[in-house]
Structures are given as C-alpha cells and as structure tokens.
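In the two complexes that follow, chain A is the common piece, with chain B as its partner first and chain C second.
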Partner chain A sequence: MRGSDWLDRLGIGALIGVALFSLALLLLPAVIVVIMSFDTRGYISFPPAGFTFDWYARLFNQPVLMGAMWTSIKVGVYVTVLCIALGVPTALACARGDFRGAAGLSVFVLLPHMVPGIVLGVAVLFAGALFGIGPSIWLQSISLAVYVMAVMVRTVMARLQKLDPLLEQAASNLGATRWQSFRTITLPLLMPAILAGAVFTFIEGFDNLSVTIFTHGYRDRPLPVELLTIVQNTNSPLVAAVSSVQILLAILALLAISATIGLDRVND
Partner chain B sequence: MPATAASGSQACVVEIRRVRKRFADLIVLDDCSLTAQEGEILTLLGSSGCGKTTLLRCIAGFLKPDAGEIRIDGRDTVPVPVNRRPVGVVFQSYALFPHLTVANNVAYGLKMRGAPVEEIRERVAKALATVSLSGFEERYPSQLSGGQQQRVAIARVLVLEPRVLLLDEPFNALDAKLRGSMQVELRQLIKRLGITAIFVTHDQEEALAMSDRIAVMRAGRIEQLGTPEDIFDRPQTAYVADFVGASNFWEARAASGQITLPSGQIVATKLDGDVSLLIRPHNLALSSAGGSAWNGRIISRRHVGALMEYEVEAGGTRPLRIAALRDVEAASLSTGEAVSINLRDPTACMAYPRP
Partner chain C sequence: MTATALPRRLLDEVLSGRGIWPAVPAVVVLTVVAVIPFCILLSLGFSDITVSRGVIVSQTFSLRHLATALSDPLYQITFQRSLTLALSTTALCVLLGFPVAYLFLIGNAWMRRIILVLTIAPILTSGIVRTYSWIVILGGRGVVNSLLIDLGVISAPLRIINTQWAVIIGMVQVHLPIMILPLIAVMSRHDRRLDEASANLGASRLGTLRHVILPLSIGGLGTGAALVFTLSYTTFVVPQLLGGGNYLNAATMIYEQIVYSLEWSKGAVTALLLMLSCLSVLAVITWLTNLGTRWTRASQR
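On to the complex of A and B.
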C-alpha cells in the first residue's frame, strides 16, 4: 500500500511539473513582450533597463497605428458577422440536414482552414479580381471569413450534435412551428457555442497576418500589417507595446466569455 | 363516414386503419389496425423492433405512414402537421427544455398558441398542481429528480388538454422501485382526468399493470389485442403466451379433442396432432415423489419475491418452471429431490399447433 502511495505521489508530482512547464512555454513569450514594452531604452531588449509608459503614450499619439487598430477592429466585427450569418446555417445544414452531400459540405467548409494562410490569401486575391473586388477592407474581411468559418461551423456543430433532437420534436408536438422551435429552443441552446465562435473569429479577424497581407486594402492597413512594417524598419519597444495591447484585447475577450457563459461550456 | 365505434358504448377516439410503414427494405408496420376508446389506456407491447414506437410516432405525426388512416375523433390526421394535432407526447427521455424553468416548460405550448398571459399563469399553476409540483415553478429541469422531471413532462402536455396522450416508455429512465409507484400514480392520474392514453412499452409487467387493453405487436403486426386478462390467460398465439408472463410449453399430441399429460390429467382442445401446451408456472403443483404419475427431479430453485420458483426436469424438451407460494410445503423441496407434478387447472391451459 505504502509503495503505491509513494508512486501515486510521484506521478502526480510529475504531472504538475509537466503542466507548469507547458504553461510556462505558453505564457513566457507573452509575458516577455509585455515586460519589454515598459523598457526605457529605444530598442527591443531583455531584461529591461528601466520602467516607463512612454511607448504606450507614443502608441496612442500615432494616428497611423490608431487608424490601423481601428481598421482591424472593424475587420474583426465584419468577419464575425459574416461567420455567424453563414456559419450557423451551414452548421445546421451539416448536422441536421438530410440531403446528399451534407457530410461533404462540412468537409468543404473546414478545408480553407487546413490550407496555409498565404495560399488562401493569394487564392482569394485572384478570385476577388475575377469578381472585380480589389484588395480592400472588404476583400480582407471576406478572405478571413472564409479562413475561419471552420471555427464557427465546428463549434456550433459540436453543440448541435449534443443537443437532443427530441427537444425540437417536443416543441413541435406542443404546437411550435419550425421557426418558433428554432427561435425558442435551438437558438438559445446554441448561444454559448455561437458566442465562443464569435470571440475566436473576432480575434482571428483582428490579428491575422498570413491571409491579410495579400487581401488588405492599401489605404486601410490593418494592425498586423502595420506592425510588420514597423518591425521591419525599426527596433523600438513600440511594437512590444502594440502587441501588449493585442494580448490585453484577447484576454478581455476570453474574460467576457467566462463571465457570460463560462469557459468550460465553450466546448460543451 | 364517421369512425366506426367498436363494441361498447364509449366513443372511439383514435382509430388506426391498415397503417403501413417501411424504411427502405424494412417493413416496420404491416397493416396495423386498432382503436382506442374514450378514457382508455391502451398499451402497445412488444420487443424492440416490433414497430410499436414507429406506430406511436405516426400517431404523433413525426412520421408519415406509407398507407392507411389514422383518425382522431373521426378526422383523418395523416395530412395534419405535427404542431396542429390534438396529441400530447411524453418522451422516454422527457425532452424537457433545459434552458427553461419548470413553469416556462409547462407554459411553452400555451405561449406558442398565443394565449393571454393571465390565462397561461392560471393554467400552468393548475397543471403543476395536478402533478403535485406546485412550488417548483422556478426550478430548472436539471435541478429535479427523474420522477419530478417525468411529472413536468406530463404537465407540459396536459396543460394543452390534448385528446390523446402518447407515452413512449415513460418509466425507462426511472429506477425499479420508483417505477412501480409512478405506474400506479400515472394510471390514477390518467383515469382521474379521463384522458385517452396510448402507451408504448417492452415491459410486459408494466403493460399488465397499467393498461385497460394491450396490443401485443410482433414484426409490424398486431398479434393480439385484448384486456390484460385476455392477454395473460388466453393468449391467442404461442408468441403472445411466451412474451407475456412466465410460461412452459409442453409438447404433446392431441387426439380426438384431448391432450393427455403424464400425470393422466386431460386437457380439452379443438386441435389435432402435434401441439404445444401453455402451462403457466403457477398452474403446476409440486409434491414429494409418488404424488402422481408425472415424475421429475428438481434442477434448481430460486427465490422470486413471495414465490419459490423451481426448474424441474420432467421428461419434456425443456425443464418445467414451477412456482410455489413460500408458505406452502412445496416451497421447502430442495435441489436434486425427486418430485411429482400435477396440473392445477386443466381449463387454464392453452394449446397451439406445433409446426
């Protein structure tokens, strides 16, 4: 008994060790970026030599960066709206649809996410030209919606597959039309998944670079593209400050989910 | 022509006439016909795959039969969409809406009909009182026990005053002890409200306990329709006899209207030739060896509630099951003992032709 006790403890200890190590790997880069953003020196370096809010002050005084951030927020919203409007019906069709090709459709929707972003970006750029849509905030939003649609469809489908189909039958037995039962039963029960999908599609729309770099508008340069330019030309902690703001936005989004529906229910 | 009322003075509420349904190559319902009278509890009993649930789903409108009529109050309901049928379904899993409170679950149907708020409140309160769940209005389904969830599911359909209540194995999700009391409770409730109920189960004891009439189904057909007494005491086919209640089939030959048992006792029959004779375990009496010319040996015994049930090797193709009340002498016989067997009531046996 004592022997197995001892082994148990060793196992649990090892598990905690591995967990802490993985957590450190995940968190450390972000933490270092945030720390560097407060450095007093004019170049990126670690550890910092002092503490200042200078770079944040400069960031908020740079119309180009603020404009880029605003563009990226707009793109995030457009991508999210597109993904909800197209992704939720697609998920319904894939999960509940009784037609030939329902299974094929779900694979088709997931495909763009499997392709490297650069390839998709180039593809959408040419496809856009075909339809007369040049690189712009619209083409960027469309390309990113195509890219991350899979996330929305998969999240909503996972939730749908766990929903008891009898709930809708019960609703119709109680007198609800199909639309009523969708609005009063299915949609409210899908809400956690839609919200979770929305947060992820927003973040992707906000900070994607690989697809964006081909499809963004030259007058509406989004934040990731602007950042890339700065990093290529300068070496100032300003970049770290911008990245810190991005990290903060992502954390806020996740906090928003956990406050409204709870993170544990995202994949429920 | 209005629905032809079956025997008796009561009106026929549900009439199912020659309903057929197939899924691809599989015939699930094959010419099913039956009626349910006003205020009657009718049970569709059968093993899984016999078509009982399919028939229930056709009545509810979740499935459309390929042929035949389903009349409710004389009106053909096959073309009527699900949400307009005067039918309330209690699902096996209850299918309560998890995001709505008990009160809102029960109010759901009334809201869909656009009933006034005040009326909804009154009728929900009344329905919850009927199933003894007053005070549970603000709970969510996940906060209720299985039995309470079932009662919410019942209140949710009763509040709409359906003409027919359909229950799909409603006791399956309950543990054995609760099941018994819920059966009694549900039967009393349905009888008090005078509602017509069609009830699906694979559990023959449940069917015998709950029903006014039972339709035993087999391979998409109705094998026998009758009262629990008919079904249990006078099963029309060997299948029904085997499915409902414990049974022995004694293989014998009938000649000139008589079947003679090894004990010398005679059972009258209209059949001739090879027959299987149904003898219920409680219709056989055991005594110590020498009590009759029908001798056997006890293979095993087991306690079943108030009964002692024996398996006795007695010269048939299969051992006989014989039940004795625990307070009689026969209950003290032990395994391996030689015994004699007597038939208690020759008129309670049923003979079936043997192929």
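On to the complex of A and C.
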C-alpha cells in the first residue's frame, strides 16, 4: 500500500510539474518580448543592454505602421458591426425558430468557421476575380465577417438558451408590444453576450492573417500583413515594441471579456 | 390592413425569432461570400484559366492541374510534411494541455483564474506576435543561445531558428491555448463528488484520474485536438517565420503559388487538396473520440 502511495504522489507530482511547465511556456515568451522592447541596442540580443522608451517613440513616428494599424482598426470595427447586424438576428432565429430546417440553419451559419481560413480567403479572392471585384478593405471586411460570424452567433445563442422565456411573456402580459419587450427585456439581457462576441470579432478583424492575406487591398495594407513583412526583414526591437502594443491590446480585451461575461464563460 | 400595421407585423415576426426571417440577411451574405466562392474554387481546380490584371477572363475544363498535383513528388513531400507537423503538434498539445486542465480541476479559485488568463490572453494576441517571440528566444543571439553561452555549455551559438525544431516548438506553443480551452470547459462542468466517491471506494488519485476524470474528458480532448489540428495544418505564419522560408508546408505552398507565382489553378488545386485532407483527418479524430466515449461507457458497466 505504501509503495502505490509513493507512486501516486510521484505521478500526480509529475502531472502538476508538466502543467506548470505549460503555463510558463504560455507566459514567458510574451514577457521576454516586452523586456526586449526596452533594449537600447539596435538589434535583438539577450540580455538587454539598457532601458529606453525610444522604440515606442519611433513606433508612433512610422507612418506606414500607424497607417496599417489604423486600417486594421477600421477592419475590426467593420467586421464587428457586420457580425452584430447579421449575427444577432441569426442567433434569435437559431435559438427560437420553429420552422423546418432550424437545426440546419445553425449548422450552415457555423460552417464557414470550420473551413480553414486560408481556403476561404483563396475562394473569395477567386470569386472576386471572376466578377471583376478586386481585393480591398471591403472585400477583406466582409470575408472576415463571414469567417467569424459563427463566434457571435454561438455566444448570443448560448445566452438566449439560458434566458427565461417567462420574462418576455410577463412583459407581453403587462401589455408590452414585441418591440418594447425586446428592447427593454431581451436586448439588455443579451448585451453581455453581444459585447463579448464583439471583442472576439474585433480581435479577429484586427489580427487575422489567413483570410486577410488574400483579400486585403494593396493600397491599405492591414497590420498583420505589414507585421509579417517587418518580422521577416528586420531584427530591431521596433518589432518587439509593436508586439508589446498588441499584447497590451490583448490584455485590454481580456479585461473587457471578464467585465462582460466573465472569463469562465468564454467557452459556453 | 392599414399602412402602419404591416411593418409592425413584420417587426413582430422578426423579433419573435420564430420564423426564418431574422436569419435571411446572414444566409444571403454567407451564400454570396462563402458558398458561391467555394463552388468557384472547386470549379477552378478543374479548369485552365487565363488571368489578366487580376480578373479571370477565360476558363475551360481541364484535369491537367489536378493530375500534375497528384503525381508531383513536391506535393507528396509537402503534404506529408504538413501532416506530420500538424499531427505531432496535436499530440504534444494534448500531452502538455491535459495536465493544465487537471491543475485547473484540482486548483483553487486563484489557480483557476491564473490558468484562464494565461489561456485566453494568447488567443487574443496575434499569431505573428507570438511567433515573433520565438525568433527572440531561439535566434542566434536569442535567450537560449545567450544563456547556454553564459553558462559555458556551448562556445558558439546553436542554429535553432530556421530548423524544423524551431517550427515544432513554435507550433506547439502557439496552438496550446486552443487545446486547453475546451478541456477547461469540461473540467468546470466536472462534478467533484465523483472524485470523492472514487477516493472513498479506495482509488488512488492516479486511479481516479484514469478511471473517472480522463474518460469524462474525452469529448474535450477530441474538440481540442480537432481545433489544433485544423489550425496547425493550415497555418503559414509559424513555418514561414521560424522555418526561414525553406520549410514549405501546404499552406505556404498555396500562398506562394497564388501571391508570388500567380499560378491560380495550381493554387486552387492545392487549396482543395488541403481542405479534403484536413476534413479526412477531422473525420478520423471524430471517429476516435466517439470510439473512446463508447469504449469508456462500455467499460464502466
């Protein structure tokens, strides 16, 4: 009995050891990049030789990078607006619909997210070329919206399924019209899910590369495309500074999610 | 019916969500931007096309590109490499991810919070940024080489970046959160009274892990594995940045065919093969997941 107890402790210890290793693996690369972004030398070399904010100052004086960032922010907003406008009503139909093929509808809507992004990007590029529509910020935005709409639909649907239908019934019993009960009861209750979905769709619009690289406009190159080029061609802490800004953005998004639906609900 | 009644009724219909109406705009957009383009991609895989100034001007039926691709040894090597890379990435993510989920299960509220933050934050960060951090770590003057030289283990920097080792390390780290997230979802629904019952019946913690927790996590493992495989099989960021351009996988191949050499028909064929092979592996993963669930149910009887 004592032998197996010893084995048990060893096994669980090893498991926790691997878990801690994995967590360190997730955290450390980001920390190192942030540290390197303050280095005084003009090339990446560990450990850093000094401390400076110089790269951040230079970052904001790079018109190309700033332009790309602005383009990506716009794409993120367009994608989010499209996903809310198209996705929220779809979630309503998927969760409450009692028409024939209601189950098929949710599968259909979730399908584009299952297709590899690169395949969707190539397909949209070719379809555009066939009808004479070239790549542009609009083509990029609508493709990305189609790609990530599933996230919005899923988040809102999960929330809808947990809503008590009696709330809306009570409203209509008290004489509220459908619009009134939707506006004053359903929509406020759905808001956290919509906001959380919006965070994810914005991030996808801002960061996505697989769809973006085939559909973006040549004049307004978005940040991921610009970053890919810069990372491949330069070795200065400037890239570390851009990366640190993106990490900061992710932390802000994280705070937004934990304030809206809570971190532990991300999966639902 | 008065003039104001019709819009009001339409609005009611839409808001009730009982009919298909609210979903119609989305269905139209999805059809135009996903279904039709996909059919066009399919047709281009079986065509000879002429492209002029980014517009397809002629298209005739041909099996030439498909036949070339299927007999080309470069295709075979590339797809084999992508498949090996993605499958090893998936396996390593399972091995590294499951212990984190276990720690989440047994951990207190603080540990759970830390795990959630460390898992979700990377998902919200760009893949390029996360891959770039490995250039900083594994590069010639990177963290690993500097530490090894300072410790006197090596005298000259090792060449780690631009090798397949760099690619696999990057792949695993970039996709690990996608593996952990579905597992955490399973763990947060896990009823800990089952573990107590198992312990009361005399099982060790490892025994409980093997006979209670693991069988109940198979669904999460399947979901995670499917997601990690799809993403790592079809990414070109990691191989492009950490493989130094010499490490061609199927996705980088598509990118080069379409963006650099403008061979669109070839690119269409490669994209179709990528998708078909991806779906086949996903079918196998789903089958294995179902088999695993059924097997554990049977053994518990």
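The rule is simple: the second predicted complex is superposed on the first by the 224 of 268 C-alpha atoms of A that agree within 3 Å, B and C clash if a C-alpha of one lies under 4 Å from a C-alpha of the other, contacts with A are read in each partner's own complex, and residues count from 1 in each chain.
Keep this in mind: a residue touches a chain if its C-beta (ideal position, glycine included) is under 8 Å from a C-beta of that chain, and two chains touch if they have at least 3 such contacts.
Just so we're clear, the structure is a prediction, and the values are computed from it rather than from any experiment.
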Of chain B and chain C, which one contacts the greater number of residues in chain A?
C
Between chain B and chain C, whom does A:Leu65 touch in the aligned arrangement: first, second, both, or neither?
neither
Looking at A:Ile185, would you say it contacts chain B, chain C, both, or neither? Reply first, second, both or neither.
first
Can A:Gly175 be said to touch chain B (first), chain C (second), both, or neither?
first
For A:Gly11, select first, second, both or neither according to whether it touches chain B, chain C, the two together, or no partner.
second
Check whether A:Asp164 is in contact with chain B, with chain C, with both or with neither, and answer first, second, both or neither.
first
Look at A:Val211 in the shared chain and tell me whether it touches chain B only, chain C only, both, or neither; answer first, second, both or neither.
neither
Using the superposition on chain A as set up above, list the residues of chain A that contact both chain B and chain C.
177
Per the touch rule above, chain A residues touching chain C in the complex are 4-5, 7-8, 11-12, 15-23, 25-27, 29-30, 32-33, 36, 43-47, 82, 85-87, 89-90, 92-99, 101-102, 105, 108-109, 111-112, 114-120, 122-127, 129-130, 132, 134, 142-143, 145-146, 149, 177-179, 182, 199, 203, 206-207, 209-210, 213-214, 223-224, 227-228, 231-232, 235, 239-240, 242-243, 246-247, 249-251, 253-254, 257, 263-264, 266-268
So, in the complex, the side of chain B touching chain A is made of residues 60-62, 82-85, 87-89, 91, 93, 95-99, 108-109, 112-113, 156-157, 160
Taking the complex as given, what residues does chain A use to touch chain B?
164, 166-167, 169-177, 180, 184-185, 188-189
Chain A partner, complex, touching residues on chain C are 8, 11-12, 14-23, 25-27, 29-30, 33-34, 36-38, 40-41, 44, 51, 54-56, 95-97, 99-100, 102-103, 112-122, 124-137, 139, 141-143, 146-147, 173, 176-177, 180-182, 184-185, 188, 204-207, 209, 230, 233-237, 240-241, 251, 254-255, 258-259, 264, 267-268, 271, 274-275, 278
